[in-house]
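The structure is given below, and queries will be raised subsequently.
Chain nomenclature is as follows: A, B, C, D, E and F, assigned in order of appearance, with residue numbering initiated at 1 for each chain independently.
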Amino acid sequence: MEEKYYEISSDNIEKFINNLVEQNNEVIAPKDKDSDTFYDKITNFKDADLNILLPKLSFKEYLLPKTETLFEYSISGSSINILDSLENAGAARIINNGSGGSDNSGKKGGKKIIFGSRPCDAGAGPIMEKVFNWDYKDEFFNEKFKNLYIISIACVQPDNYCFCTEAQLSPESSYGSDILLKKGGSGYYAKVTTEKGLELINSSSENSSLFKEISKEAFPADKDWKAAFDIKKTQGFLDKNFTSNYFQEKFLSCIGCGICTYTCPTCHCFDIQDEGTNEKGRRIRNWDSCQFGIFTLHTSGHNPRVTQGDRYRQRLMHKFKIYNEKFNKYLCVGCGRCSRNCPEDIDLKEITSELSLMENSGEV
Amino acid sequence: MKLAYYPGCSLKGTSFEYETSLLKILEALNIEVQEIPDWNCCGASAAHSLNHNLSVALPARNLAIAENNGFEEVLAPCAACSSRLKTAKHEMGSDDILKKRISDSLEMPYKNSLNISNMLEFLLNIAGKEKIKSLVKKPLSSLKVASYYGCLLVRPPKVMKFDDPDKPVSMDELVALTGAVPVDYSYKTECCGAINSLSKPDVVMALTGKILYDIKEHGADLVVVACPLCHSNLDVRQREIERKYAERIGLPVLFITELLGLAFGFSPEELAIGGHMVNADKILQKLSN
Amino acid sequence: MKTVINEQERRNFASEVESKLHDKLAKCYQCGKCSAGCPVNFEMDYTPNQIIKMTELGMADRVLNSKTIWLCVSCNTCSTRCPKGFEVAGIMDVLREVAAKRGIESKTEKEVQTFHEVFLDNVKSNGRIFELELVGKYKLKTKHLFRDMFLAPKMIEKGKLKMHSDKVSNINQIAKIFKDFE
Amino acid sequence: MEKMNDKLQNTAKELLESKEVNLIIGFAKGSNPLRMRSVFITDPKDAYKISFNAHCVQDLAVFLKKPEVKKFGKIGIVVKGCDEKAVNTLIQEYQLSRDNIKIIGVECRGAIKQNLADRGEDSVKQSTVYDKCLACEVHTPLLYDYLVESDEPAFEITGDVKPYAKIEELDAMSVEDRNMFWQKEFEKCIKCYACRQACPLCYCTRCIVEKNTPQWIETNIEETGNAQWNMIRAYHLSGRCIGCGECERACPVNIPLMLVNEKMARDVFEKFGYKSGLDINAKPVFGTFDANDFNEFIK
Amino acid sequence: MARIGVFVCWCGSNIAGTVDVKRVAEEAAKIPGVVEAVDYKYMCSDPGQNTLRKMIKDKNLTGVVLAACSPHMHENTFRKAAVKEGLNPYFIEIANIREQVSWVHEDKEKATAKAIDLLKMMVEKVKRNKPIEDVRVPLTKKALVVGGGISGIQAALDIANGGVEVILVEKEPSIGGKMIQLDETFPTLDCSSCIMTPKMVEVYQHPNIKLYTYSELEDVSGYIGNFNVKIKKKARSIVEKDCTGCGDCWNACPMHKNVKSEFNVNLSERTAIYVPFPQAVPLIPVIDRSVCLHYKKGGKCQKCYDACGPKCIDFDLQDEIIEEKVGAIVAATGYDLMENSLYGEYGYGQFKDVISGLQFERLLSASGPTEGVVKRPSDGKTPETIVFIQCVGSRDPEKGVPYCSKVCCMYTAKHAKLFAHKVHGSQSYVFYIDIRATSKGYEEFVRSTMENDGAIYLRGRVSKIYEDNGKLIVKGADTLSGNQVEIAADMVVLATGVIPKKGSDKIAQMLGISYDKYGFYTESHPKLRPAESSTAGIYLAGMAQGPRDIPESVVSGSAAASKILGLFSKSEYEVEGTIASVNKTTCVGCFYCKRVCAYSAISKEEVKDRNGNVLKVVANVNSGLCAGCGACVNACFSKSIDLKGYLDEQIFAEIKSLAV
Amino acid sequence: MENNRVEEDDKNAQNDKGNLSGSGSAKEKEPRIIAFVCNWCTYNGADLAGTSRMKYAENVRVIKLPCTGRIDPLFVVEAFKKGAKGVLVSGCHPGDCHYTSGNYHSRRKYTAFRDLLSYFGVDTNRVEFSWISASEGNKWVSVINDFTNKIKSLPDSSDIFSKQ
């Protein structure tokens, strides 16, 4: 689709969002909770906190719920009923971190709209989509991804832990967003890159009237974001130094909590489990983490990744080597959540940059 | 360590000899003590007899003042006072509510951190046997001395936490340091009648008499005490007892500090030994021989 | 002697004493060691162990009017030797306090009671004991004007009796303590 | 007097040089000036990296359970008073031999809450430290081989301080309201098990949640599974938790886990007079019993 | 895949009257894994059992559930039947639909529903059963008795007379214990040594008893049937086999006034080379090296050696460690008396004539230091007035122990009586709190001491003893008259309390048995298993368990012996297979399991790699000791220990089967 | 990974042959009580109630264990999860444990566990503990009846573990 550009005033963006809510859509935005900010359903534009850099968790759970039912069974008499959960997938059971109640409603027919995400979070969607459609098409993911509309707002000031530019995105990237907003003018400039974006703008005559189309040139140009190090070098190091002692020493301080993976917008490992009794039950998939000791524990008792160094190396390898070799894209959007949330202050930006420097100097 | 000194009422009155001699020997021992500023009466037996909380609050004021003046250790030479101070500390240690009430009433913070010593404890633990021994210039080897402990120095053990309540040895140890011969006898910890001195003189005389005659029988030249009340009963009432039982006693009653003072070489006048009712000249003579 | 035990009164009295004593009366198993060692037992009308039992049985009148509670000199021999760790001396304090609170005047041991009262008054007004005033007031109150009088001249001569009082300067604080805990 | 960091570094250096230990676990500068992180020193030359300040929030005792760390054999560890109790408990529970550990105790004056530090807070005050610091009884560690005294004065406590005041609030609530409160909290849980991993006393090589015959804990990350996980975590730490607060600090969704741990610690103390982590020779409260234990709830 | 057979028993109308058994069977048939479900009138009858056996065989069942009466009734019956068809007995489970359904409910509908539920639970449980083999432990048919007092001697003789070898270990140079120190025994006043010495000799001469005196237990390992015991035989400095016990050596010893005699409780002296008392068994002296001049003065003195005819003194003998293998152990370590010196107010140690009951016993004894004449230790005069004080240390939680020592009331009455018999015109006063005289003839004995022998009993305690003019002034109370009393006595005898033998806690730790807070060994069950310790194969006897008198000590010795003879009457010791087992892969070695195990069945085991390096230390269950209570399972955080027959998985399955 | 093992139940479920509603779960409105009892005392006490033909409420389902020391508090949670409205834990009186101390250990654990349940908002009226000896058939009956009545009087619980 050909990109389109608009201008919209602050008042109008508020109207637009509130209209979307009223149009039976579920709008999810950064929202204050427990002196932190999480993505959560809003019922009014004012609920959204657009000033903070990033919510504590990404909106990954709207694409890959923490627990997702794949099918349910029940036994009645001599018949066994299997209930395929796919038809509900678009509105699968999601427990919102803020709303404080399970929410099964998932407004039938409505869209799920993420509002106010940053370009890094938005970038995670298409990155995940690749892995869920590589050979097996994961309909559970696709259903939700299809129905998820993303309106993001460009960053002005990244913090110490951010490295989206190094991760080949940028604070103003529109990759993965249906609509990208940039502050300026009477409120915002908007860049629409997808049909889904247009669909939102044209969802009602009132909505389309709120947006004033402008030329590409009138849309403010991106700043010249400079990468502090070359991520290709990081990959280069990983290519050659699988057995480097660096990993063992560096990750002595890793306690294997897995927060990095759970808060990561692109980490997508899951575990399939069954729950139930003789009468009824279900098959579910739950979030899982490569940082756990039992993640690769074989039935024999052997574990190919014995140390936490092995496990974190795996995370680095997957993100900056293996995934790139397959999809020509890094499995990282540089949001820095893993560093910010790490209880032991392990900083991924610091590590990737160190590896890149070591590759430069030929150090092993 | 900053040492506080809690004299109590008796040492400023009827038992001024105790204070005089005590200050003398502390000087000799080169130990500096400071009187607790604006101290008050501990309430003695009267308070705990009539009002438990008051009996804790009155001594607590002294402790709180001392604590807030940066003291860590209190010397309470009077056995009754040390008993009341220790009891107050003990009670507040196990009753936080009372402690808070008292602290509120005094409008002073109070942590209950002080250590309280009676005279014997102070001499043995803080001054130290070695030091005392080194100061003995005139060994009192010609004297046979009976130590009378009475009640409040060692009882009740869970509060006093000092010496054996039924077989105390601390004062005898001090006596031995002076070179004098400690005399063993049966009534070392029997009560002299204490506070009932004024109200029940007959009872007091019966009790005190039993003690004095027993000491006499065991051949002591004199008695040492570490309690003004014991002193008062044994010394002041001695004549009266002799009259009542028609048998002479004639036992001088000295404070332990006076005995130590004599051994340190102070003169009887410096130690105010002349302040006692029972004349001590005979033993002083024995010493100078 | 016969006593009819009124259960309500028994409980009231026993629990009043127990709560002040922070100890259980039932702990006493009546071995009598307290009475055996008490130095003033010979003057008492009830032995200490009897006082404990009578308190447990709620005989408030007899206990609070006894000589025993006022004769006790708090020498703590009983508490020290009690095999059950019972606060025998403590219960005497409690009973005296209860008697005083109830306004019971000891018929036989008025002197002791008066002495304690005069003593506390003295503390209240001076913060410390002014011995001459204490003795004087006590004698006035008990009318034992001449008892022990022969001791006075010699004591004055020896410097044992001071002629002026040495008051606590922050006497308001002493007053406050009395007010807060009375 | 020797400055704190000098003494720390010298102690570490001497221990390594004399080969009394093969590894020192300490604190060092972190990713920003208001963050500290753990550092693992094997070369005496690196001892200069060790330092200590009010941002040393981590409980380094957590590393003593890591097999990679255990491999070093004799280890020296820098611990605050609260963390030291974890070392005691590990010894008490046979996870660590007293002979293999050199405890470098630091006198701690309180740790600044990390979320505040991340917003620039740099002063130790009643309002900036963790609740555990307000009630701290172990500013000086209970057990140590070397003690490093603090250079800082204690922060001032004014007014009626009630650490974990929410506990009393919860106790006063109706059972239904407490249920609502905790359901809401546990719904946030994403079952990352960071609370477990951050806990120095969760040292099982296979956690009960990883056992599936039977499945003790539902695997789902929903109300029931989450509640069960949080219940079992609290239960397994009852009478053991030493109150370092690492679980709560690690929790990415801000579940107030210390309200549970502290409540159980209080209950255990009230019922059994036991406080954890104080004595390496004490019998753990649930490893022993008393014939006269609390019996009132049993018919 | 499980193949479960279900049998629903009618029990005549007992079950069928209230429960619709047909429907229960129908519903059972629908449970996954159930291959056939039938109902039958009387399952426990022979034809019933045959039906069961036939179906096991025909349908190749892997498990059976019976819905019938309580498992406590017929579980064994059905298990035996199953075993005959080659099915592991633990694959039989019973749903209790009689005692817990049909007999307690009336509504047929509800009762039937409940019966179906109970049955479902058991089906789910049996599906998850694992074969369990009962544990058979070989038995070494030899017993060890620790302690050569009356209870130990009794146990050793009874076991030996039953034809089993016994090793008796005694710490002192002679057996006999406390009883041999006593004069006469209550209430029959027969002479203690007259009844004791023949038993001691019998022990010495018994072909089945190996006696180690002057020896101590050094180490115990193993478990029931298979204990390895190390005994330290301390060096006597005498070549025992050559010694004739003639006495020339101790008569020659120059140290004859210097050492207090333990046997006479410090009332007399002994030599450095000595036998504790003339009737000692064995009658072989021992050199007390801590006082012997030979050892203290560099080998100069050897007067005993010179005097010894057979030259059996060897100054260079060393302690010896003897290893023995035994199948069962009796712990009869006995008791000590409390330190009298705790009571400053009584002046023990200060006043020579304040003595303990055991000392008085020696003064009464014809073999004692005064040859049975009662004399004061201070001046050798015969006392005319003696005050006896009971409960010294006993019933005194403050300074002593809270419990009653049980024997003091009786021995004090005996003392007063014997004193009256020996010294005419004498007077005893006894201070007591309560008189406890509850065995046969005891009350009569005490009454006779008062009524016939004139002892005056005062109900109260003594507060203080003073010395006055050669008299002991005893200040006590008579609470019955409400008076303080003072008695001028010539001598005071303190009935001191009984406490466990010093060092008995170490023995307990060695044996892995539990003891109470005072140190007395605790019984496996206070009422039903009073002779057993909590550890299988270890039995208890005598005062080591708590205060008791001679007859009770003898009974307990015999009881322990009979338990051991019973144990040894089988060829192997069988333990039910329902015991705990550890998953050593996941065990993390916190040993909470060990802490809660009442049977010391859990030990530490090192897991090593191929090179012998210790990888970790894990728990190990000793199947001979485990009683199958499951407390360890509950204590395990990582669920690395489980109880066979009651697996966590089975219990969860039972709960799950009830899901609504 | 260990967790990937499918539980046997669920395989069985798919091989099921018939209707299980006979157990009454659909019809049953009566609250379900699960009792974890000691084999040596309470279980015998319950048997005694039977041999004495005493009558009591049908709501209880007994799970027999060797000792209260074996009864993991998490069984209680599991019981609630599976729809029990009340849970009873019952064993030998203090001092009477067949295994000397199992009941003492258990009592300690349950003391803390009860506090925890209550703190998490579970009505502890729904968990009952009792000491019932083998001779106390009548006590078993009254405990069951009283507990059943109590459970019936409580409102439907919405606590954490009762969610399905």
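Criterion: a residue touches a chain if its C-beta (ideal position, glycine included) is under 8 Å from a C-beta of that chain, and two chains touch if they have at least 3 such contacts.
Remember, it's a predicted structure, so these values are computed and weren't measured experimentally.
S.K.: Hop distance check: subunit D to subunit F, minimum number of steps through touching chains?
M.R.: Shortest path length, in steps: 1.
S.K.: Give me the set of chains touching subunit C intersected with the set touching subunit F.
M.R.: Of all the chains present, those in contact with both subunit C and subunit F are E.
S.K.: What chains do subunit C and subunit D have as common neighbours?
M.R.: For subunit C paired with subunit D, the chains in contact with each are E, in label order.
S.K.: Hey, which pair has more contacts between C-betas, A-E or D-E?
M.R.: D-E
S.K.: Could you tell me the distance, in whole angstrom, between the mean C-alpha positions of subunit B and subunit D?
M.R.: Their C-alpha centroids are separated by 51 Å.
S.K.: If you average the CA atoms of subunit A and of subunit D, how far apart do the two points sit, in angstrom?
M.R.: Going by mean C-alpha positions, subunit A sits 32 Å from subunit D.
S.K.: Averaging only over C-alpha atoms, locate the centres of subunit B and subunit C and give their separation in whole Å.
M.R.: Distance between chain centres, rounded to whole Å: 22 Å.
S.K.: So which stretches of subunit E touch two or more other chains?
M.R.: Within subunit E, residues 31-32, 345, 464, 585, 596, 635, 648, 651-653, 656, 659 contact more than one other chain.
S.K.: Which residue numbers or ranges of subunit B touch two or more of the other chains?
M.R.: 165-166, in rising order.
S.K.: Listing for subunit A: what residues touch at least two other chains?
M.R.: Correct list: 271, 273, 277-279, 294.
S.K.: Under the stated contact criterion, what part of subunit E meets subunit D in this complex?
M.R.: Listed in rising order, the residues are 585-586, 588-592, 595-596, 617, 635, 637-640, 648-649, 651-653.
S.K.: Under the touch definition given earlier, write down the residues of subunit C that touch subunit E in their complex.
M.R.: Listed in rising order, the residues are 29-38, 41-42, 46-47, 49-50, 77, 81-85.
S.K.: Could you pull out which subunit E residues touch subunit C in their complex?
M.R.: Answer in residue numbers: 345, 391, 395-400, 433, 459-464, 475-479, 482-485.
S.K.: What part of subunit B is in contact with subunit C in the complex they form?
M.R.: Going through subunit B, the ones touching subunit C are 9-10, 12-16, 38-41, 43-55, 57-58, 61, 101, 105-106, 150-152, 155-157, 165-166, 189-191, 193-196, 198-201, 203, 206-207, 236, 240, 274-277.
S.K.: In the complex of these two chains, what residues of subunit A are touching subunit E?
M.R.: Touching subunit E from subunit A are residues 277-279, 301.
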